[in-house]
Amino acid sequence: MDETSFKLLAKYLPSTYVQQAKDARNTTNFLFNQLLEKRKWPEEGWSERDIEILLDELASLDSNNFLKNHGVGEREARIASSLVAKRNFHLGHGLGRSGDLTEVQPKAAGSSVLYQLTNDLAKDALRTLGVPDVKACFVAPLATGMSLTLIFLCLRQQQPKARYIIWSRIDQKSCFKSITTAGFEPIIVEPILNGEELVTDTEKIETIMKQIDPDLIACVMTTTSCFAPRACDDVETVAVLCKIYRVAHVINNAYGVQSTKCMHVIQQASKKGRVDAFVQSTDKNFMVPVGGTIIAGFDKCFVSKISQCYPGRASSSPIVDLFITLLSLGSKEYKSLARERKQLFQLLKEGLAKIASRFGQRVLDTPGNSISIGISLPSVKDPKSLTQLGSQLFLRCVSGTRVVSNLESKVINGHEFRNWGAHHSNYPTGYLTAAATIGMTALDVEQFLQRLTKVMESWSTKTIPIVSPSLTNGH
Amino acid sequence: MDETSFKLLAKYLPSTYVQQAKDARNTTNFLFNQLLEKRKWPEEGWSERDIEILLDELASLDSNNFLKNHGVGEREARIASSLVAKRNFHLGHGLGRSGDLTEVQPKAAGSSVLYQLTNDLAKDALRTLGVPDVKACFVAPLATGMSLTLIFLCLRQQQPKARYIIWSRIDQKSCFKSITTAGFEPIIVEPILNGEELVTDTEKIETIMKQIDPDLIACVMTTTSCFAPRACDDVETVAVLCKIYRVAHVINNAYGVQSTKCMHVIQQASKKGRVDAFVQSTDKNFMVPVGGTIIAGFDKCFVSKISQCYPGRASSSPIVDLFITLLSLGSKEYKSLARERKQLFQLLKEGLAKIASRFGQRVLDTPGNSISIGISLPSVKDPKSLTQLGSQLFLRCVSGTRVVSNLESKVINGHEFRNWGAHHSNYPTGYLTAAATIGMTALDVEQFLQRLTKVMESWSTKTIPIVSPSLTNGH
Amino acid sequence: MDETSFKLLAKYLPSTYVQQAKDARNTTNFLFNQLLEKRKWPEEGWSERDIEILLDELASLDSNNFLKNHGVGEREARIASSLVAKRNFHLGHGLGRSGDLTEVQPKAAGSSVLYQLTNDLAKDALRTLGVPDVKACFVAPLATGMSLTLIFLCLRQQQPKARYIIWSRIDQKSCFKSITTAGFEPIIVEPILNGEELVTDTEKIETIMKQIDPDLIACVMTTTSCFAPRACDDVETVAVLCKIYRVAHVINNAYGVQSTKCMHVIQQASKKGRVDAFVQSTDKNFMVPVGGTIIAGFDKCFVSKISQCYPGRASSSPIVDLFITLLSLGSKEYKSLARERKQLFQLLKEGLAKIASRFGQRVLDTPGNSISIGISLPSVKDPKSLTQLGSQLFLRCVSGTRVVSNLESKVINGHEFRNWGAHHSNYPTGYLTAAATIGMTALDVEQFLQRLTKVMESWSTKTIPIVSPSLTNGH
Amino acid sequence: MDETSFKLLAKYLPSTYVQQAKDARNTTNFLFNQLLEKRKWPEEGWSERDIEILLDELASLDSNNFLKNHGVGEREARIASSLVAKRNFHLGHGLGRSGDLTEVQPKAAGSSVLYQLTNDLAKDALRTLGVPDVKACFVAPLATGMSLTLIFLCLRQQQPKARYIIWSRIDQKSCFKSITTAGFEPIIVEPILNGEELVTDTEKIETIMKQIDPDLIACVMTTTSCFAPRACDDVETVAVLCKIYRVAHVINNAYGVQSTKCMHVIQQASKKGRVDAFVQSTDKNFMVPVGGTIIAGFDKCFVSKISQCYPGRASSSPIVDLFITLLSLGSKEYKSLARERKQLFQLLKEGLAKIASRFGQRVLDTPGNSISIGISLPSVKDPKSLTQLGSQLFLRCVSGTRVVSNLESKVINGHEFRNWGAHHSNYPTGYLTAAATIGMTALDVEQFLQRLTKVMESWSTKTIPIVSPSLTNGH
């Protein structure tokens, strides 16, 4: 509706109602304009209705939604199914142009604005949540593994001779594969055992840097958020080394946005040393479906090169999901959820400590991990009996626990990993992990602890533990 | 509802109604079961209602939708916004596992089935539409450019020494960038001018193959669908050469599924020669939003390697869009739209011929292009005046035309392209192209022709053509 | 978005895209403004997207959707469930005020405009479809029976002494109950048998009018659309009588809008005689869910009195459904569906004739019914065997047939009806009816005829007909 | 999906996943079956997803959604617009049959079950919320005024001689019109002033009952929830009188469900005296859009007669809205909202007291009203200046206040009401009311008080009060 519409409405309504309706409309427009002008993550969440109206407004700027448009190109964003059209808010053109993921699309002005806004909101979110110095970022329509690959491919373009990526071992296959798929050879640096915690072997990293021509090293990849008993990598020290030895540094901050600790170390690392890019999953940190990351950095130019590296267009779906969610939550609600997560982490830890002690076990001491918690499991003859513990929990509708029996090996792309899953060839005990992540509720913790107790009870009666040497000795 | 529900309904309803309701329900279940069993693209389209119910059923198999599920992992597919949840049918886990895009996800059985089904439907669609011999395919949640990059990265893993990709020039930036982003060096083979048509320089391709060690060549990339006056590549001959010289062959079948011609040459190429993979955009061929491709091939093992190459998870959104659309259209409706496209191609050609002749121009003779049509434009002093033609059409809500002024050059990733846009360094005339693609309507053609006439009228009065040598001479 | 928004967009987009987006927006606004200004049923249907945007715009004018509104009344249109909010487009205030159903609501300007617009569109639809002289109408959120009751209650207020309603018998319970619920006593005038057709006994109606003080007669109620073998009432003659004897005349035009014949007789009746109001179901004529009627008339003042008679507010749901549907179809599509219906009526008739003759029966000759068709059934000992025919069809998923065994009686509110269902105490044969109504498809007709044949086959082998006198004799 | 489907899934998934998916499905079915079996308002609210799935399941039982159904009747629930179909969950047949609103529809088994379930849930809700002895109820697709009319029409059928309804005056037009539209003559009993509160004149009611032949009195209508300074009627005493004098008693419990007080007096009245029916608005009590009531009573037979009185079918929309909302909230959440309302009532009262005292006014002492609060306003020369107060609040986006200037009169259907709006011909002061109703938030109260203060400030500087006699004297 426009000025003319409101004039016409005067035939339907008394003038005071028309005036009030206009005022109300202006209030909504003001909300939109504030967003367009400030490009900041709003503190107060928006109603779904306002978000939908804004999305409709933006979609109206895309040529496929022009009432009089007629297309004679090969890509006209025609959408055959109205179900598909609706779930995509009639946005059909995706993101980017051939030249650059973040470039404006002539046929899709609305989609282009939407993408820019989402990137702005994402940047503001990273700043608000602990990395105030971040300079640029974009939301990649790729999950973490592929986003890392994209960064590595970009690094290759800058440094064509590079062959290696130094990698502080973390036993998640996609991290490893992100290296090999990009065509690099990983130099695996196993973390060292500090008490019960696995921490970054910065010495070894430095040794490697000294040994190998820096032109051959694409980057070091570190990881913040991870499963206990691995700790958040010592990204600060690595950043300093990278600065000294002129090696790029890429941080996998997979689900670290929800943890002030993870965010803080990135901020510090950027101050003291070198951080070229850090990547965070949108699904794990912002509770959207799998499919996006925020690729961020402290150098506008490098971040821009990454997005320029992306060949062609991409799905805007992960961007739309994040846009809606950021607006819907607002920073206030997000922070409140993050605080709640922290409290539930404590609750989970205490609950696990009780259960562990009841079965003669203990919570692994991993002060460097603020999200995931491990409890030791008795040594058993058959490692399968440990795995059963996980399956039984899963069958009782507990998802997300991880049992590491400490005896498996795995070959991935030709590299053998002893004790795959443990991040370490020689971790002294089997264990079970659980994590407190954003969006979790007290009921989740409570139900998990109850079901774990039941499963442990039935399991411990059936399983004969090996008399095992006390873990605390000798570490 | 289950058996018990129907027993309980007997308290609400006469038994005959209960029986009839059960029968009706069985009919729907039968529809679903046929799909699960046959894994074929149904001939008759489904109603949106049935599609939604099936999607709801599948989503119910994902653990995040289990009523009693409690998650303690780092990725539990929690969805913060109900707007986001609904538009994704409560599917949150995306696709794939770290190991393989097509692997079953333990927490997301429904999503896994959905993906397998979509891949099955896509395979059947390719078979139905002209490539009966296709052996395997998967829907990649990536647009064409990035999908090509993924295939090239996979080829590198198989052939670590490879450095080059032989590329039959097509002036779409993302095609070129798919090579450089993957870290390869393109060997550009410019098409040759045959009359007014640009056709594959197969001789030069063979020459290169003879000259260079095949271990250094990752593949040849050809393209089927393209803008006139470039023709569909001679993929059959290239395939034969690839077989002879043991070089991989990747076909960009971007929007060729809608053209029986493009599909036919792929089928033939696979019989006579070598085709490792061919890629088709889901948006351009199946009228879904940008974001997916079908990566297909004639060797199960190689296609599987490509999907295994993908590191980690991915958005399921492009898959959901395609799944809905394939079921919604059914093969019957799709074929009917494809036939309509063919008729509109004729209509468009005839209309353009009339307009062209009125302004002393002609339709370029490009029998090898079944989708895009070009009309010559007069030579002008200032190439910008040609570009204005395109802008004026765009401002009159005609999208998709392409004006090639034949005088621009462009440097992409260090490679200079003379006459960028023309697929050729030296095309003898400027021209305007338009395409007849699937989903187009007669009204689109009619309106385009009307508006083009008006724009040409006003434009020709303002523009002074250079007296130019007749184009037909000398070519 | 407003002017300011577009200025802000210039930071995101090149100015030409901003301009084009504004143009596109103006096109949409123009569409809306045309509707607001002309208040006519558009010829071309609107897209769902445009309809939804307009509904959102209108809902934004309701105070419960004002961003800053705070309510301290007892009715603030708070909507607890977001599912409910969405399905109602956030419209919560319903229709009307205590004073009048069509009055503007201060808190719900948008809903008020929506209602006025729907009434305007409905009026234009009635005019377009055959009653050009209609002066006023409103969409009542009541189905046909209750709408008739409302009119009768209004007549009572005008004529407090009235006790009777003269009713040309039609065997639909709700028609009869609309009289008794309104507190009137029906004077039942049975139609007379003209050949095989049941036609209005206008003589008897006149006799009654002569006998009874007109002050005691609230009105005559006639019916247009009905099940064969009853014909459309002779509303023209009744209208003339009503004019002469100063008796109100209410026409139940239940599903007559789809039939040019039914509409024509109403138009003629209004010219020659007296028609106070005529009522048409929205679901049966416009393919929306049950729940609304259009109450129309030729005297603005009387129609207005009916809407003023409605005490309090009402659901706007039936209005929203009709509004969407009228815009979505447009008059062109509706007329095309109406033409199709007419053709299917012929198809159905021919098909039934064939089947009937095969089983020694015939299509009843009812030229005065343009929607419903009857075929005679053999006389049988047990009338239940006739009813089984209907059940068997229903179990084979044919809905809507009606078998009249011609032997049942029914007492409704103290009145006994012999041969309930036949509209006549003494119809000479049992029969089965089927109707061709708007929205029907050729597949519906074809499948019905197939299934009827099968059912008749199996039924006729099991049933022993009484040797019955030929029906055609003696009529 | 059925057993066969799960067998087929074994080709897609490991058997443990299939098993777990089946288990999850059973959990959902169990939820549905519990509802179907117990017919109780669940304590815990359901997720929107589960509600939608149940609605889909129920809709699948309606013949218009049978895959193979072909309709040849005049009412086949065809839905032309898919937007309309979706918003109605593909339910097209509405409620009821000609015979009875609550009767099962052969073509719409699912709709019929839905309606029965909603009625069951509504009954359980009334019981849970304070009227445990309620025997029967149904949700009428009519707002309060028309529902009262329906009850009165039903009373007429039982008592054909009745002419009068005794009505304890409440100044809401629709209440009054519900009487006149039903064709009755109201005998208006003005409440009496008790302190500042208006309470039921039970003596006068008894006097009338003594004077008039009970056969001429259709019923007494009392009202619970109302605007201050009127109190909830003394329904208990009236009920006792009705029992003694054998007069029917209908209670308008408009928005009283949210108040334990209003519910309690109804329960008590039913025990001590006579209550034939009580009516409550679904929108005001359950936060759904306007359009429904729950008509309840303590005699199954009478309640059933009311629903049988309804002629024909009706919209199921208000029923669907209530069904969703009751399931979505669950009794726990509703009770919590009701408790919150009670607290906000105190907050509002205290806030108003402060503001009132600041401007030399006071909160009216009305202990018999638990929802609405009045504050006195100064006497002014021009009553319009009082009304301006309300308008100014409305323009500042405060809706729902009511200013009674105490000087207006109104004629409705021939009856003159002095001081219309005040429920009394002679209330001693002007006043402003505000109400605390369910769904209100603390922010609503806070913002209202702030804006009221501002408006009062600006208003009091402009308005010259008449020196008025102290209100507390003489009453």
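Order as written gives the chain letters A, B, C and D; numbering starts at 1 within each chain.
Here is the rule we use: contacts are C-beta pairs under 8 Å (C-beta built on N, C-alpha and C of every residue); 3 or more make two chains touch, one makes a residue touch a chain.
From a predicted model like this one, the values you see are computed outputs, not experimental measurements.
Q: Between A-B and A-C, which chain pair shares more contacting C-beta pairs?
A: A-B
Q: Let me check something: if the centre of a chain is the mean of its CA atoms, which chain is farthest from chain A?
A: Measuring from the centre of chain A, the most distant chain centre belongs to C.
Q: Suppose each chain is reduced to the average of its Cα coordinates; what separation in Å results between chain A and chain D?
A: Chain A and chain D have C-alpha centres separated by 48 Å.
Q: As a quick test, compute the distance in whole Å between the mean CA positions of chain A and chain B.
A: Going by mean C-alpha positions, chain A sits 30 Å from chain B.
Q: What whole-number Å value describes the gap between the mean CA coordinates of chain A and chain C?
A: For chain A versus chain C, the centre distance works out to 56 Å.
Q: Indicate the residues of chain B shared as contacts by at least two other chains.
A: Those would be 20, 24, 48, 52, 63, 66, 68-69, 82, 106, 394, 397.
Q: Could you draw the chains as nodes, link the ones that touch, and say if you get a line, ring, star, complete or other?
A: Basically all the chains touch each other, so complete.
Q: Inside the complex, what are the residues of chain A that reach chain D?
A: Against chain D, chain A makes touches at 16, 20, 24, 82, 391, 394-395, 397.
Q: Please name which positions on chain A make contact with chain C in the complex.
A: So the residues of chain A touching chain C come out as 1-2, 4-5, 8-9, 11-14, 17-18, 20-21, 24-29, 31-33, 36-37, 48-50, 52-53, 56-57, 60-61, 63, 65-69, 82, 85, 90, 104, 106, 109-110, 112-113, 116-117.
Q: Can you list the chain B residues touching chain A in their complex?
A: Going by the criterion above, the answer is residues 48, 51-52, 63, 66, 68-84, 87-88, 91-95, 97-99, 106-107, 141-146, 148-149, 153, 156-157, 172-175, 177-178, 180-183, 225, 227, 254-255, 281, 283-284, 286-292, 309-318, 320-321, 324-325, 328-329, 348, 371-372, 394, 397-402, 413, 434-440, 443-445, 447-448, 451.
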